[in-house]
C-alpha cells in the first residue's frame, strides 16, 4: 500500500502537468474567458445573436445557386453555403464541380452581397480557394486531416470546422487547436451528429456537445441540422433545440428542387419549406431575445 | 433479372403486410391521431403545456424526501419522483429501501398533495406497489423486461417508460405496445440518453428522438436530463432544448445534499440550484407559450 | 496546488477502497485463481476442452426438437438449447410455447440423453422451470434484470448468462456477481455481440471480451456465434476465432428447416450445414489440442 | 396500394441498378474471383499463408529502429513498420520525425534486408516518400481523406489501408475503390478496431469484418492487434483469433523499451514479449497449416 501511495503521488504529478497542459490550449476558455466574435460581411458570429448558414449541398449550376441565394437574401441572411469539392463515399458518385463550383459561388455571392462558405479537402487547394470563398469549411471526414488543419491555420480566413463522424469532444477541441496554433483564431465549431447504433436518423445529434463546447472553448458553436438528422421533417424541431441549448448558429441545406439534387436529396429543404423554417426560427429567437 | 423481379414482388408483398402491421400498433398516431393526455392529480400531461417531474434519485429517509417535496411544492409542481427499488450495477451498492421507501413516498405525497412516481422492477411487486404510488416507472434496464411490461399493462395506473440504454426508437415504441396491448394506454415515454462512444457525458441525449416519438405515437414524451447527461452543469441547457424540441415534460433529480446522496451524487441538483433551474425554465415556457 | 494535493490523497483513499472492493468480487480470479469447471451430464465445461451448445432458436414442436436432438447426438454433443419463453421486440410476434415448450425439451432430452438449456424470463417461472431444464439461460435483454439474477442465484442449477445488448464488460461481471452472491457459483458467461453502428452484422462480436473475462473471472466463457453475427455465412469463421481466442465453448442455432422457422430464420443452420460446421470445428480443436 | 406498387417497382429498378453498380466495383470478388496476391521483398501476401508486420509505433532513432529490425529479422519476418509522420490528437504531442524518419527506416531496411511500411498523411509528401518506403500506409483517420486515396492510387507501390475509426465495412470497401480506380490494385485492407461504447479496450476489434472483407473483395486482409485492443495482454489471443478467422496477416507494435516510447507506450511489446508472441503464433499457423 505504501508502494501504491508513491505510485499515486507520481500519477498525481503527471495529472497536474496534464491539467496545466489543457489549461494552456489556445482555444480554451481558461486561456481566454471572453467569447470570440467573428465578423463576416457585417454578420457578427458568436455575439449572442443566432446566425444562419443556408445553401445547397453541392453547387450544381449558376441558376441553382442563384435561386437559393435569392431565398437566403430574402430572409435577410448573409451566409451562403455550397459544396464545390464533395467528399463522397464512392469514387463513382458526383464529386462536385471543383474550382468551377467556387467560381459560381463567388459570382453569385458578389451579385447578392453574401458571404460564401465552402469545403476544402486538399491542403494544396487552399491557396487558390481563398480567392473565391469567405469561410473555409473543413468537413467531418477531414476533422483529423491534420495537414489540412495546419494549412487552414496558416491562412487569413475564418474556418468552420465540423465535428468528425465519431469524434470525441476532446478530439474536436484538439482539432481546433491545430488551427489556432498556426495563428488563425477565427474558428467556428460545428456539431453535425455522431455515429451511433440508432437508425431512425442518419446520425445522432449530440445536443449536449453545444453547451460543453461553449464552456470549454471561447469559440462560436453551430449546429448542422441537415447532416445530424438526415431527415427533412426533423430540421425545424432540432434547429429550435439548437437555439434553446445556446448554439450561436444553425446550418441547413436548401435546394430549389431537392428531388433532382445530385447529392443528399432526402434531406434538403425546398425554398417554401426554407421560408417556413426561417419564419418559425425567427419567431423563436425573437421570443427568447437572441 | 426476371427471377429477381419476382423475388422483389414477393418482398413487396411482405413489406405491404408489415406496413399494415405497423399501422395497427395501438400506440401509433396512425391508429389514433389525437394526443393522449394523462391526468395525474389535476396535472394534464401531454396537452401542450410542459410538465416537470423532480425528486431524489433514491428515497433515503422521510426528512430527505419531505425537504425535496417542499421545494417541488414551492415551485407549484405536482409530480414527485423517488426510487425505492434501485437497480444497481453492483449487488453491493445501495439497493433502495423497497416497500419502506414506497411508504415514505406515500406519506410525503399525502402531506404535500403531490403525485408520486417510483420505479418497480419485479412483476410480483406491482400489486402491492400500486397502493403507494401514482405513476409506475419502468427503468431503462427493464425496457425489454417483457414480463414487467405485461404486468404494468394490466394495472390501472399511468406508466412512465424509459428508453433502454441502447434501445432503438422502434424497439422503444414496441415496448410501449406491450403495455397498451394489455389495456393500459396511459403511458409516458421518457428519453434518457443512449449509450455511445462519447465520454464527456454519461449518456448521449438523443434529442431527435422526441419529435420522432411525437410523430410516430400519440403518447406524451418526457426528457430525463439527469440521466442523459450525468452532469449538473448540463441540466439547464438540455432542459431548454427538450422544451424547444417539443417535449411534454422534463424530469430531473433533486436532493437536499447531493454530496452525501447514496446514489448519483454527481448529477443531482441541490434545492437552490433546482429553484434557479425552474425559474429559468418557467421563463422559457412563458416566452414560447407552453 | 496544495489543496489539489489533499484532494488527490483523499481520492486515492477512495480508489484504494474501490480496488479492495473489486478484489472482493466472488466471481473474480483474485478471489479464486483456479478455473470453475461445471459438470453437466458428464460434460465438463471450463476444463480447457471446447464444449458446444446447439439447438433451435425456439421450440416449435416435438418433431422439430427431436430432429435437431438427433443431429446434436450424432455429433457426440451433450448440450441442447431451445427457447420456450421468447423475449420478442413486438408483442405480436411468436412468444414461444412456454411451459409446453419446456415439456417438449425435457421429453426429447430424456430420449436422447442430452442436457437442456432454455431461457427463463420471469423470476416467478423459475421454480417450475427447473424441473424441466438442466441449465437456466438468462438472455441479453435480462442481463440487468436484477430480480431474475437474484432468483437464479438461489436455485441449484447452472446458469448461462448472456452479455447485455450494450453492456460493458464490468457490468457483465457485476451481473454474474448478483448470481454468485446468492450462492450459485455455476455460471457460464456468454459473449453474444454488442450493439454498434456497423450494419453488416446484426451485432458486433466483441472477441476481445473473451480473454478479458477469462482473466478477470474464474468462470467459463462461451461465444454465441448466431446472435453475434446474425449471418449464417459467418458462423464457422467466428466460431474458429472463438476457439482460438480461448473460449470454453461455442453456441449456435440449428433448425431442421430454417426457412420456415418461427423466429431468426436468417441465421439458423440446417442440419447438413451444422454437420459441416462441427466437422470443421472438431478439426480445429484437434489440431490445437483443445 | 396500387400507387404503392408502382413506387415499389420504381424503387426496385433503382435497386437493380445499384446492385449492378456494386457488382462493378473493381475491388469486388464479383469482378475478380481469385485472390489478389501482393509480393513484397519475396513475401507473398494473400496467398493463404499468414504474414506478419512488426515495428515501433513511431521512429525515434536509428538505434531504436535497428534493434527492432534485428528482432524482426531473427523471427524470419520481412515487413518492418514504423511511423515517421504521426497523426496525433493534440498539436503539442510528438508528431514524428518526418522525412528524417523515413531515411532512418530506409537505412535500417537496407541493412537488414527488410521491406518498410510507413504512414503518409499528405498527398504532397507521397512523391518524395515512395523513394524511402515499400508499402504506403493510409491510417484510420485518413481512410476518407479522398485526395490522399487518389494520390496513393496513382503511385506504383502497395498500399496498406486501415479501416476508419468508425467506418462501416461498405465505406471501407469504397475507400479501397478510390485507390484501385486510379490504377493501383496492390491494396492490403487492415481491420484495426472500431469505436464503441466499451471502455475495457481502446477500440473494439471487429473480428467478423475479416471474413466479410474476404468474401466481398479479392484483397488481402490484415488485423492490427495493437490498435484494436490497446492492451499488451490481449495481443496474443486476438492475433490467434485473427489467424483462425482467416486473416492474411497480423500487424503489431514492438519497441525496445515501451515504457519510454514517445507514443503508445501502453500497448507496444518489448522484444522478449514479441519473441514469445511470434513463437506462439508460429505454433498455431503450423498446426492449422497456414
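Observations, loosely collected:
Order as written gives the chain letters A, B, C and D; numbering starts at 1 within each chain.
The definition used in the following text is that a contact is a pair of C-beta atoms (placed from the backbone, for glycine too) under 8 Å apart; a residue touches a chain by one contact, two chains touch by 3 or more.
As the structure is a computational prediction, the values presented were derived from the model and not from experiment.
If you match contact pairs by residue number, over half of those in A-C turn up again in just one of B-C, A-B or B-D, and that pair is B-D.
Ranking C-D and B-D by contacting C-beta pairs places C-D first. Centroid to centroid, with C-alpha atoms defining each point, subunit C and subunit D lie 33 Å apart.
Separating the centre of subunit B from that of subunit D, both taken as means of CA atoms, is a distance of 45 Å.
Touching two or more other chains at once are residues 166, 170, 195-197, 199 of subunit D.
Considering their complex, residues 1, 4-5, 8, 12, 15-16, 166, 195-197, 199 of subunit A touch subunit C. Residue ranges of subunit C in contact with subunit B, taken from their complex: 21, 87-92, 121-124, 141-142, 144-147, 164-166, 170-171, 174, 177-178, 181, 195. Interface residues of subunit A, counted against subunit B in their complex, comprise 166, 168-170, 194, 196-201, 204-212, 215, 228-229, 233-234, 237-238, 240-246, 284, 287-288.
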